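Take a look at the structures below.
Common to both upcoming complexes is chain A, partnered first by chain B, then by chain C.
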Partner chain A sequence: MTDLRSQLRMLQCCDSAFPSGAFAFSSGLETLVNEGRVKSATDLHQLLDGQVIPRWLDFDRPFLRQAFASAQDPDALYQIDTRCHLQNTVERLARASRRIGRSLLTVHARIATPGAKAYQDHLRANAPPEATGYEPIVQGMLGAGLGLDLSQAEVGALNTVVTGVTSAAVRLGKLGALDAQAVLAAAANAMVAGLSCPAPEYPGAFAPLVEIAAQRRTAEQISLFAN
Partner chain B sequence: MKSGAAISRGRPVRARLTFRDVAGRTHLMGQLTPHPFHITRPFRHPGDPQGMATLYLQSSSGGLYGDDDLGLSISLEPGAAAHVTTQASSVVHDARGRPGAVQDVQLDVRDGALLEYLPDPAILMSGSRLDNRVSARLEQGARLLMADAQLIHDPDGDGRAFDYLRNSVSIAGPGGPLMLDRFALSGGAWLTRTGGARCAGMIVAAGLPETGAPMATAIAAEPGVYAGLSEFPDRDISILRFIATDGVALGRALVTAWRAARQSLTGAAPHARRK
Partner chain C sequence: MNVISSTADAKRPGAARIGIGGPVGSGKTALIEALIPVFKARGIEIAVVTNDLVTKEDARRLQAGGLIDPDRVLAVEAGACPHTVIREDPTLNIAAADDLEAAFPDLDLVVIESGGDNLASTFSLDLVDWWMFVIDVAQGDDIPRKRGPGILQSDLLVINKLDLAPHVFVDADAILAEARQIRGTAQVIGCRCKGATVEGIETIADTIAREVLFHEIPA
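Coming up: the complex of A and B.
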């Protein structure tokens, strides 16, 4: 049974004010908005249900679960991180995942979340400089460190992704604040349904629309988000 | 959905092709092509990379069936160059209650060799089940351009999707694994994941850093195609991922990307592969 302190820590980490760095990424949404593929709250809801949530469930979730189970073993975490690296075949989404992982590790090491400093030190000592920890691996490790149960760690991580994309839609001017809350409420159905199913045995996702969108912006384009 | 290692009850069929460079010309030096595998004789085209042989793979069975267990190994010995393609798309038939087809392709590209492995897309018919695996092993200086694409087809127009697709593309270099792209998908989720496109796929270029951007630029001009390029300079790999509205657009995308890659590689547009 997760205690109240752990629940409070989860709420703290999932709060939009928590400096995870996730605010800098739109997961391809900015391109889809600019190309006219996402124009409304309905479009965003479909994108979340059809692409963003399934991609997290199929790809990030198994990695998070593996990391959660190996949270006490930095070397095992790094091996999972390396597998995540090899499977992250969408360059900008991979880069975003690493930057968020690095930010999470930095902040949690600073506030002494159990496991964060040990994994950060392990990466610095054993990994190439760019290997700063992928988001789901760091989230899984931190979830265990915060004393969450696995289900809560999953809920927190998926919620971060969904609220991040929805928040990006607001900042892109495609959604009002109230509409955003309606989208989040509706997306909860797909989140619950997905999390209620067994996690895939192996990580691997098929969400080509958002994956392609994340890669399409050229360096010359002025953008609000890094992907 | 589990990714089982051996799901087919059919008799395993294993084909093997070996290409070797002999005095600057690549020859098919070894072939084992049991039914349903069939091949043409090797061709040569002016303007191809030095010594390159072109070979068409064919099927004498009319596609992949629900209990097929097919394996194909293509080996290029040091310095060899080959373009391996198919005569047409591979139809993956309705499994009709059988466990599903397995197609396992292994590409072994040795020192300094160049392989273009560009099969036509798999056509996933209603009710079909496919476990498709492509794994490549590259030695130092090896180069690989490979395509992996699928399209869905519902011949009765009743909205019945394919049953499942388990797809895996992996590449390893001299120092170990370089990439693994893998997914498992129920047919009912295809159109949602692609945003309504009936076709999807990717072209992977390994050891060919000059080809990624030209392929992406060329394919961007193709109507009905939506594509994005990922480049991983640390592993010398580029992945051009695309979706397409229909088979015609998909076919054009594959040819256009290949021609752009070849143009950047040799400075000349390749001779069309007639099918």
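Coming up: the complex of A and C.
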């Protein structure tokens, strides 16, 4: 039976109202919308199923799992964080991941989630801010600190990514708020299927449509989002 | 076991943080531009965070204006949510202010300009110690009457563009008097940030120095 407290903490921390700065990032969607490549709820659903969800499963998920297993050990977390940095080839997505990860650390340190302050202090003392604090590492560490089981930590993190992109699509005017809920309901299939498969042992990402879109935005482009 | 820690970060060391909110085009950036030389003359070290709604226009304008070291200006994108980034989720602005403080340890004041929003926008006290709301006479003399949290809850209400009042059929004294009546003891200052002469800027700087930096300036 699932422990009610961990379930509540998961709902709290995966709520879109939880402050993490994530609302300011579209993960490449803004460029795809501006270029006319994502025009509808159907396009968004395809993007989630074909790019966003697989990228999280292949890249973020293994890092989250490693961090979850090493949550008590700031130095081990730092090593995982550094590997995540070295493997991140898309700087705009990497920057978003760091900004969200570091925001999460700040907020959880403030509300005294176990592990948050220790890791924040460790990074402040040892690490360059532009190379650590990645979202999946912080999420894995926090998931353990909050008393979630690994599967809850994974579901919560993947849900955050999928709802984040969907809510960005609503703000970009490509679908209505009610249609967005239909897309989320449909995307649950791919999320469940992916999470039910074993996680890859080694992280690796291949989602060229969103990755290139995130990098392609130009300085002159009118933008609502930071990526 | 999680403990409840104090939410007001009263002992946070470093520079004071103030917010400037208000509707689109009311003169928030113009007010910052007018205040910068006044602060400079008083030896108050400042940096600015802008939250442009769509571009980095305000940050670029301040950086290009020659009034302030461009490195002291940071832009934070608001993801189409100008109120979220100053209230529900101010984490990105907090990070930007932290970065400025780390880069310029002698800062006295970090000014955070909100993207133009509506009358309901307010700043989270997790982000700022004090905030002002800027409206202008040309938006209609009924704006104070419409109240809204920005008008009512800000530490200072600024009514800008007093020079335009005669051109838009507004009685400047009446709008100021009505705003003062609606806000009770909370402050209202009228000003003009642009043009041959400016007006009210020193008074606004005095208020910030007194209420935020605790300088002894007679009211």
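Assume the second predicted complex is superposed on the first by the 222 of 227 C-alpha atoms of A that agree within 3 Å, B and C clash if a C-alpha of one lies under 4 Å from a C-alpha of the other, contacts with A are read in each partner's own complex, and residues count from 1 in each chain.
We adopt the following convention: contacts are C-beta pairs under 8 Å (C-beta built on N, C-alpha and C of every residue); 3 or more make two chains touch, one makes a residue touch a chain.
Remember, predicted model here, so these are calculated numbers, not experimental data.
Visitor: Which of the two partners, first being chain B and second being chain C, lies in contact with A:K117: first, second, both, or neither?
Guide: After superposing on A, A:K117 lies clear of both chain B and chain C.
Visitor: A:R92 in the overlay: touching chain B, chain C, both, or neither? Say first, second, both or neither.
Guide: Touch status of A:R92: first partner only.
Visitor: Which partner chains sit in contact with A:F225 here, chain B, chain C, both or neither? Use first/second/both/neither.
Guide: A:F225 contacts chain C only, not chain B.
Visitor: State whether A:Q51 touches chain B only (first), chain C only (second), both chains, or neither.
Guide: After superposition on chain A, A:Q51 lies in contact with chain B alone.
Visitor: By the touch definition at the top of the document, which applies to A:Y202: first (chain B), second (chain C), both, or neither?
Guide: So A:Y202 only meets chain B here.
Visitor: Should A:S103 be classified as contacting the first partner (chain B), the second (chain C), both, or neither?
Guide: The second partner, chain C, only.
Visitor: Check the residue A:I212 against both partner chains and state whether it touches chain B (first), chain C (second), both, or neither.
Guide: first
Visitor: Mind pulling up the chain B residues that touch chain A in the complex?
Guide: For chain B paired with chain A, touching residues are 1-3, 167-168, 177-185, 189, 192-195, 197, 200, 226-232, 234, 239, 241-243.
Visitor: Can you name the residues of chain A that touch chain B in the complex?
Guide: Residue positions touching the partner: 37, 49-51, 54, 58, 83, 86-87, 89-92, 130, 200-209, 211-216.
Visitor: Spell out the part of chain C that touches chain A in their complex, as residue ranges.
Guide: 2-5, 7, 53-55, 76-81, 84-85, 88-92, 94-95
Visitor: What part of chain A is in contact with chain C in the complex they form?
Guide: Of all residues in chain A, those touching chain C are 17, 19-21, 23-26, 99, 102-103, 106-107, 110-114, 168, 171-172, 222-226.
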